[in-house]
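One structure follows; several queries about it will come next.
The first chain written gets the first letter, and so on, giving A, B, C and D; residue counts start at 1 in each chain.
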């Protein structure tokens, strides 16, 4: 992306928006390489992601010209930070964290992994092998409020752009979530909205399902109810025990979270109410 | 299957069952071509499907010898009817019925399609083009009881082995279902247990899902809760309207029901409580 | 699409194309609903598909203004025929034709099915049940030239927009293909480019593959080498005989051809050399 | 598997084999938990995988009794080594090795990872972070013979059960391969048999495919031609550059190799000529 300009816009829909945007961009001598837009006709909202060849020389002037050209209240982002900072929250399961750290080590994550916070110590040794800071914040004997303040305190110096809940098994309070609006990503161990809540694999086994799935979503105040970013499934059959389902499920969780992170890191996801617009 | 013997058994688990079955079969000079068995260790149940080369010459003696060799209360089926008789119940949507009828016309359904019953007239013309009897039984102004008795009366002379609910949009009462135990197959327009009940695609759209699915299952007394036979999904994205989701969903429904019917018709499915053992 | 305007353009790439197109469209008081464009940077080609709310009142003026705004040699299509005319060529296998005809009967094909041409009589009865003309053109004892002229003669009065080779088992000559440039769609019984040519399932079985696939593509002069429109696969395993693979393969062929036809019928496919740009 | 007995048999097919095996097993007071058998009727071969509850107390007597009960020349394995020893050969790409090492570190690989051999130094640092021996064996300026002897010499003290070619970009000679018959597993960067050989993603891009795949297979003397263990695919589209295809392909390679390794490690794969029987 070094010699490109990325523009993300959402606003009220109106006639001629693409023309106004394209004109403004062309006036800056930027050539549109890909433009993906979407109009949610029911909601009357317009979304666009524009990649231009060439680096915008007058970044601020481009934004103010776009703002003048668009309906009031438009959200305009030009060249969001390339190196986003991620903090990963974990409990005991390694599969998602392992995948993230290996990508990070080999410089294909596309983001900065600034720290790992665990409410158990299980993943410290692995994390520290890669010289990534690991912070243990136990929830034992603490109120939710105290536990979450401690997490916030630990995270603060890293200034993370996104929190990634990589099998973090505590539910975060609305108070905590509201500090990171649209910036917390969770991997849910189920094909939402089936099997919401605890023990989804036990539920899935009892129900005799033939597929199991996983869902990566932004976290909002409602448990397991935020905007979905990515989902996938794997086939299972009657011979799968609950344990086999967990194992198969972990593979899906890992790949779905990985896909969701790529989409977010590459600025391909726009949150639209309780849904996402994903420009893959 | 003309020169083969098919044996289906389920019983309490015990030591040496495979040996006892294999011996009994070998004594009849039948060679086991494929044998698929499964032990549900939690439930202590044993399931087996055996295909032998050669036609059992002494059918009844084979059954009684197997019965003597197995724990009390075993269910033993030798050579279930090859040409099962299906009755299909429909409302207005054509996609599942169309697929079934085309296969039947070209003799690849593997079963006899004895009649179609609709609570609307929409699919009569299509059905009758293939000289298949179509019976219109309206639910309008009728009690559930009267409506279902009329369906039962219409079906009776056909002596169907299975009822296929191919997008039949009425819920059948426990009283009706109990007349066809384990013999009613439904295609549900959702990836169960997500979006149980009406308007699943509207629910799925509002929730912003990235996959939609369909589930074929046996019908029991609980709505959408019988043993699952087959499931599949298709990817969708933010550009899909509810109508697009319905269209994509129909493709999944059609292929999932088709797969479930093949499995049932080929005697590959054994019902085990609220789950199925599927020997694919 | 009744109150929409669809615009398809391909041309040499240049700075500001999206702006020029969007301006021209806005001048006609059309609001862009979705715009999908793609620049093949290696080839220096620009492709765009624009859907506008509102019907272009001055169709010819819109085209000439677009032409003036774009690089020389642009291909511009505004509102291609909504009701495309399809002719289907078959041999003996029914599965693809069956799917097409059922959709057509229930008015969800999105195109006119003007006739079926078979080099065998096997599918006549089925076709004629739907009052669709079936023409038998035997290749027996005929030169390729004579056989193909007869097909062309039969097709001529129907003026088909597209020929669909729905398991038509004869290879068409370059001379014939050149009469329908970019207008012949074939379903290939394999995951191209694996197993090119005859008996792919026999080859796939001998090779012990774990997946089988199908490919829908435009026909060019090279056998099985035209631009790919859609592909899909199904898992298989060691228990599959060649016959089982054929059966599984037919399911994939049917669904892949169906998908490819939808894409073409909805004007979502642009041919670009030996590749396709598909705006799904 | 600690309190189980695993039996793997392949032999000439004959009447009553399942009975003979089941009897022999029952005489040892072992209860069959799962039995998967397959008869390749064309080849006249019989394959079976039996899992019994209970540990065979007289291991050698069980084998000799099975041998006596089966046709001459049967291959019988009872309780193959639970902790198989793997050596991994790599070049520069990390994705497959990363996945294997993370599983190994968290004790879910199910095998011993005894060493990594690289013909480049790129993956040394990563490997050594986990205290796994890394051996650099350069091919530069060496004959194939000399290069391979050096690899064999390095591997010898580890006594590996399997060699895993995790993106090892050198072709091994028949002489080397014959030292590890049926014990070398390769991940091929393509959906075999499409795009055999070098640069498959470049080929795939030029061909405009809509799916890319990967194949894990045993290595035999013919390049990319050994028995296939597992395959999978991912969808791609016209916007994918060769680089994007490589990235997507790596995800498939990683998951396919991981699946193949699990199958082999759990003794679920039997090689049968140029095909595999996989008892999943």
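Operating definition for what follows: a residue touches a chain if its C-beta (ideal position, glycine included) is under 8 Å from a C-beta of that chain, and two chains touch if they have at least 3 such contacts.
The shown structure was predicted, so the numbers you read here are calculated from the model rather than taken from an experiment.
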Same or different residue numbers at the chain A/chain B copy interface, by half rule: same
Distance-maximising chain from chain D - centres being C-alpha averages: C
Cα-centroid distance, chain A relative to chain D, in whole angstrom: 35
Intercentroid distance (Cα basis), chain D paired with chain C, Å: 40
Junction residues of chain A - those touching two or more other chains: 34, 38, 239
Of chain B, residues touching chain C in the complex: 34, 94, 98-99, 102, 105-106, 126, 129-130, 239, 251, 255, 258
Residues on chain C engaged by chain A in the complex (per definition of touch): 13-23, 25-26, 29, 31-39, 41
List of chain C residues in touch with chain D within their complex: 38, 191-195, 206-211, 213, 227-233, 237-239, 272, 274-278, 280
